[in-house]
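Shared between the two complexes below is chain A, which has chain B as its partner in the first and chain C in the second.
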Partner chain A sequence: MPKAKVNGKEIEFEPGLTVLQVAELAGEEIPRFCYHERLSIAGNCRMCLVEVKPGPPKPQASCALPAADGQEILTASPMVKKAREGVMEFLLINHPLDCPICDQGGECDLQDEAMGYGRDDSRYQENKRAVEEKYLGPLIKTVMTRCIQCTRCVRFAAEIAGAPEMGMIGRGEDAEITSYLETALTSELTGNLADICPVGALTHKPWAFNYRPWELRKTDSVDVMDALGSAIRVDARGPEVMRILPRVNEDINEEWISDKTRYVVDGLLRQRLDRPYIRQGGKLVEATWGQAFAAIAGRLRAAKPERVGLIAGDLQDAESMKAALDLFRSLGVANIDCRQDGSALGAGPRESWLFNTTIAGLEQADAVLLVGANPRREGALVNARLRKQWLRGKLQLGVIGEVADLSFEYSYLGAGAASLERLIGSDDGFAKTLNAASAPIFIVGAGVLARSDSGALLNLLGRAAQTFKVVRDDWNGWNVLHTAASRVGGLDLGFVPGPGGLSAPEMVQAANAGELDVLFLLGADEIDTEKLGDAFVVYLGTHGDAGAHRADVILPGAAYTEKPGLYVNTEGRVQLANRAVFPKGEAREDWAILRALSEAAGKRLPYDSLEQLRSRLMAEHPTFGRIDYVPGPTKAAGFDLSALGAPGAATEEPFRSPVSDYYLTNPIARASVTLAECSAMFSRRAPAIAAE
Partner chain B sequence: MLDKIFTWWNGATIGALLSIKGSSNFVGEDEFGNRYFEARTNRGSYDGRKRRYVLYNGYADASKVPPDWHGWLHYTFEEPPTVQPFKVKPWEKPHVPNLTGTPLAYRPKGSILRGGERARATGDYEAWKPE
Partner chain C sequence: MSVRRLAKEQPESFAFTPETLEKVHWWIGKYPEGRQRSAVIPILWLVQKQEGWVSEPAIRTVADLLDLDVIRVLEVATFYTMFQLEPVGRAALIQVCGTTPCQLRGASALMETCKAEIGPKDRLSSDGLFTWQEVECLGACVNAPMAQINDLYFEDLTPESLKQIIAEFREGKTPKAGSYAGRRSSEPAGGPLTLLDESLYDGRLAKPITLPNRPEPAPKPAPAA
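Now for the complex of A and B:
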């Protein structure tokens, strides 16, 4: 390996690194604005100047200079200090000194680096330039006078988000960053623009002037807006969540998060259930916990177990599902389901319902078939990974399902099951690509598996996967892209109908036909709550959404930021989320509510603390004992695809993505004003058609 | 009358009344009905000046004295307002006693006693209400 000297210290490095990366390896910090590890190198801020020998007798931009063997790199010489001071002085010439009213104040790269590497005064006497604000949609606020033209946002939009709608126009003093047409960026990742902006030019519009970064209490947590389980940091001030930011997790979200994850914050404050309610004479009236439990326990005792149902929603943590499962099983109830969409998954090996390749594993793929999935809407960061791999030029994609702008090119193979059959039978076109691929991948959308003919479709997909050898002993390319954060956890727990039990859609039908006396909704809102007949509906949840409106008893629970919990993402990765704030009003953590209800129902659950519940959960379901672990795509031996589903004839209905409106998929998101605005702007807008 | 004998906050007490009336001349009365007196001699004075007194009309509260009489009471002016009245500027507001503790007391913006809406604070949330 080549060697270089950094400030006199010799260091070995991998060939191909830049001088900046080598200096970082040696533990030297190099100031930078335009350089970002995950974006292409621009080299236009000039802040990373270092002295390199041998080389021209002038400072060099280290981010864009390849390191060479025998190089001597000086990062703290007088020449470097003078050069950095000069660059900083030029940057500050046109930067307004409005830090006291700037939302970036306190977490601003320019502030920090001006303190570290700048001069203490300015010699500039002339007027500063001013730049007009740009409109970038409802999420990003611009103060373009603060912009230092690092072009990180331009590169992010073009490379990661796949929305090449930003750019720089003008030269010299007149250079401006703009979205040309002053329209909102068509991307689910726009919030990251504010994260990568090193100054306060791009900030978060919904949170403008709401907080200072140093006032906030930071809690590491896990996102539940989609099934990816992105790593997030929940920043709270007192009892209120002020913002949600991404954390680095290379396996899932790298350092980005989607807009729904980030801007759902105001949904946590609206439409909150903060006290129990009981329906009396057709109207919901406030009640105490004791009254609510007594009402439910009375109904549970009176009803036969066959006439009781339990449905879990999309945002539940594993602990609350485990507590509900234990309680209702002890009551003899078999009508238990966590698949409110009516998915056919759940029987068979665990691999059949996982995203086995893992999200990071997508970077090894060379052929991907998307079946009924629109990853942009169902998991924006899966889409970003696919785009990343596609940009490397090694990935070919095929789509069966909806035609959509996925930010990469793909071959469109058809709309429904017939196209899949045709693909199995053919041996040219995309079938040839799949056959030739060393790491072929199927990504199956949750919508495909939540239809009346899902059994047959699953079987068909299993056959297709076998045909193209998607699962081999050393490669598992079978992936289900779930949309519900609780789904894999529920399936891992066996939160599915017991012997003779009804599935969620069957429970709704039975309730409508008067064959169900009690229906317990554990945060389940995505079922047809209008058609539950005369059933006594109990809703345990956080927001006044569909379930609460129909409920006969409402039990106020805790949202995902308000309880510690285990969530299993679509890869099967068990992740621990922490509590950032406390539940609102009289609301309690879900497992504790179920524990108290069990006492009233006369079937006391055998745990008094979350630790006891967790240890029981992990003892009964060992997969939960390994936090942050996934087997990965290389261990697929023993996974039999032929056993999936049931042979039958699939209907001709085209595959559809289960997410029709990306911004409004769950009760918390539906309570958010910001996301409602986004939905009105993006989801209901007709797609732009290029005039070509 | 019983008030006057047993309490000391409903106007002057009997003792004060007798000693002031016996030793002082009536000087004048302000718009609130408080009456002002000045001792006939400087006997009992702390500093050689003739003592000046006020007998409150009703509840004894020093803030009921308007600024012109306040000035005279504290020897800022030699002559009482009856002899040398204040020139009232058009922008001057009429004197108001201290209203703290009364229903008319000042309530700052955002006070729930003001009856209006409280400004939004951190941690406030919108609770769902049925129907």
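Now for the complex of A and C:
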């Protein structure tokens, strides 16, 4: 390996690194604005100047300079210091220095670097330039006079988001960053623009002037807006969540998060259930916990177990599902389901419902078939990974399902089951690609799984996966892209109908037909709550959404930022979320509510603390014991694809993504004004169609 | 230079004329497969030739044609000041050079003339016939002061001659380009002053010379059978 000397210290490095990276290997921090390790190199801010020998006797931009064997790199010489001071002085010439009123203040790269390299006064006496504000949509606020033209935002939009709509127009001192004709970006990753902007030119519009970063209490947690479990940091002030930012997790979200994950924050404050309610004479009236429990316990005692149902929603943590499961099983209830959408997955080996390749594993794929999935809406960061691999030129994609703009090119193979049959039977076109692939991947979306003919479809998919050898001894390319954060956890717990039990859609039907006396909704809002007949409905949840509106008793629970919890993402990765703030008002953590209810119902649950609950959970379901672990695509054991689903005839109904409105998929998101605004704005736009 | 923006009022659509389209394809053909986007500048130029300026629908058309993201074409169009982003005079676009040599030779008087005859700088005249602009050095400093009008250089201008030129354009005529001081290209005004000696040119001063070390001329090859 080549060697270089950084400030006299010798260091070995991989060929192909830049001088900046080598200096970092040696522990030297190089100031930078335009360089970002996940974006292409622009080399236009000049902040990263270093002295390199041999070479011309002038400072060089280290981010764009390939490191060479025998190089001597000086990062702190007088020349370097002087050069950087010069660059900083130039940068500040046209910068408004309005840190006191800037939302980036306190976490601004320019501020930080100016502390290191800025002069203590200004020699510039001319007028500063001013730049008009640009409209970039409901999420990003601009103060363009602060922009230092690093073009990170332009590169992010073009490279990562796949929405090449940002650019730098004009030139010289009149250069300006804008989107084409100042329209909002058509991307689910817009919020990241504010993160990568090193100054306060792009900030978060919904949070403008809401906080100072040093006032916030920071809690590492896990997102539940989709089934990916992106790593987030929840920043709170007092009892209020002020913002949600991404954390780096190379396995899932790298360092990005989707807009719903980020801007759902105001939804956590609105429409909250903060005390128990009981319906009396058609109206919900405030009640005490004791009254609520008594009302429920009475009904539970009176009802036969066959006439009781339990449905878990999409945002539930594993602990609350476990507690509910234990309670209702002890009551002899078999009508239990965590699949509100009526998904067919849940029996058979665990691999059948996981995203086995893992998200990071997508970067090894060379052929991907998307079946009934729109990853852009169902898991924006899976889409970003696919795009990343596609941009490398190593990935070919095929789609069966909806035609949609996915930010990469794909071969469109058809809309429904017949196209899949045709693919199995053919040996050219995309079938040839799949056959030749060394790491072929199927991504199966919820659009295929939650239909009346899902059993037959799964069986067909299993056959297809066998035909194209998607699961081999050393490779597992079978992937299910769930949309609900609680789904894999629920399936792992066996939160599915017991012997003779009804599934979620069947329970709704039964309730409507008067065959169900009590229906317990554990945060379940995506079922047809209008059609529950006369059943006595209990809703344990956080928001006054569909479930709460129909409920006869409301038990106020804790949102995902308000309780510690285990979540299992679509890959099967168990992750630990932490509590950032306390539940609202009289609300309590869900498991504790269920524990208290069990006492009222005379079936006391055998745990008094979350720790006890967790150790029981892990003892009974060992997969929960390994936090942050997934086997990975190469180690995953093969499983029997032919056992998937049930043979039968699939209908000709085209596959449709279950997420028709990306911004409003769950009760918290539906309570958010910001996301409502986004939804209104993007649904007004005609969807861009890019087939082939 | 100042901030360049697209015109407020834009036409509904843009279409290439068949003649322009032919040229467009000639330009595109110059670049290897997959590199067609390199033709963006010449094509924008052809757009401007056809319409007089570059409109937003035209930018979109060019982007579609070259399979470029439309913002990239906008970047190019706003970067180069030679692309007119507003409609310009139907009869003439007058670009008066305002750089030092022309300034010294009376460019400001020319600009005063323009202002009086046409109106404010960078603005379409009320009759839609003229636009005048101040530009940087056009490389004809020897014939300062000068202006580029449409595609041609008008040099050695005086306020009077410029007025005359504008009047002719207004009448729909095409005034002649070149020097208005009566000289040919950039010959010295008032005729040549150096290199006047005839003997420099008739060969009288030439001496026979022998070049050292010259190889013998190669024998002529026999003609092929």
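Brief remarks follow.
Throughout what follows, the second predicted complex is superposed on the first by the 683 of 692 C-alpha atoms of A that agree within 3 Å, B and C clash if a C-alpha of one lies under 4 Å from a C-alpha of the other, contacts with A are read in each partner's own complex, and residues count from 1 in each chain.
The working rule: a contact is a pair of C-beta atoms (placed from the backbone, for glycine too) under 8 Å apart; a residue touches a chain by one contact, two chains touch by 3 or more.
Bear in mind the structure is a predicted one, so any value in this text is a computation, not a measurement.
Ranking chain B and chain C by residues of chain A touched puts B first.
In the superposition on chain A, contact of A:544 is made with chain B only, not with chain C. Within the superposed three-chain model, A:57 lies out of touch with both chain B and chain C [touch as defined at top].
Of the two partner chains placed around the shared chain by superposition, chain C is the only one that A:169 touches, whereas chain B remains out of contact.
The contact sets of chain A with chain B and with chain C never meet.
Residue ranges of chain A in contact with chain B, taken from their complex: 237-240, 268-275, 277, 283-284, 543-544, 548-549, 584-585.
Listed in rising order, the residues of chain B touching chain A in the complex are 122-131. If you check the complex, the residues on chain C that touch chain A are 1-4, 6, 56, 69-72, 74-75, 78-79.
Touching chain C in their complex are the following residues of chain A: 132, 158, 164-172, 174, 176, 179-181.
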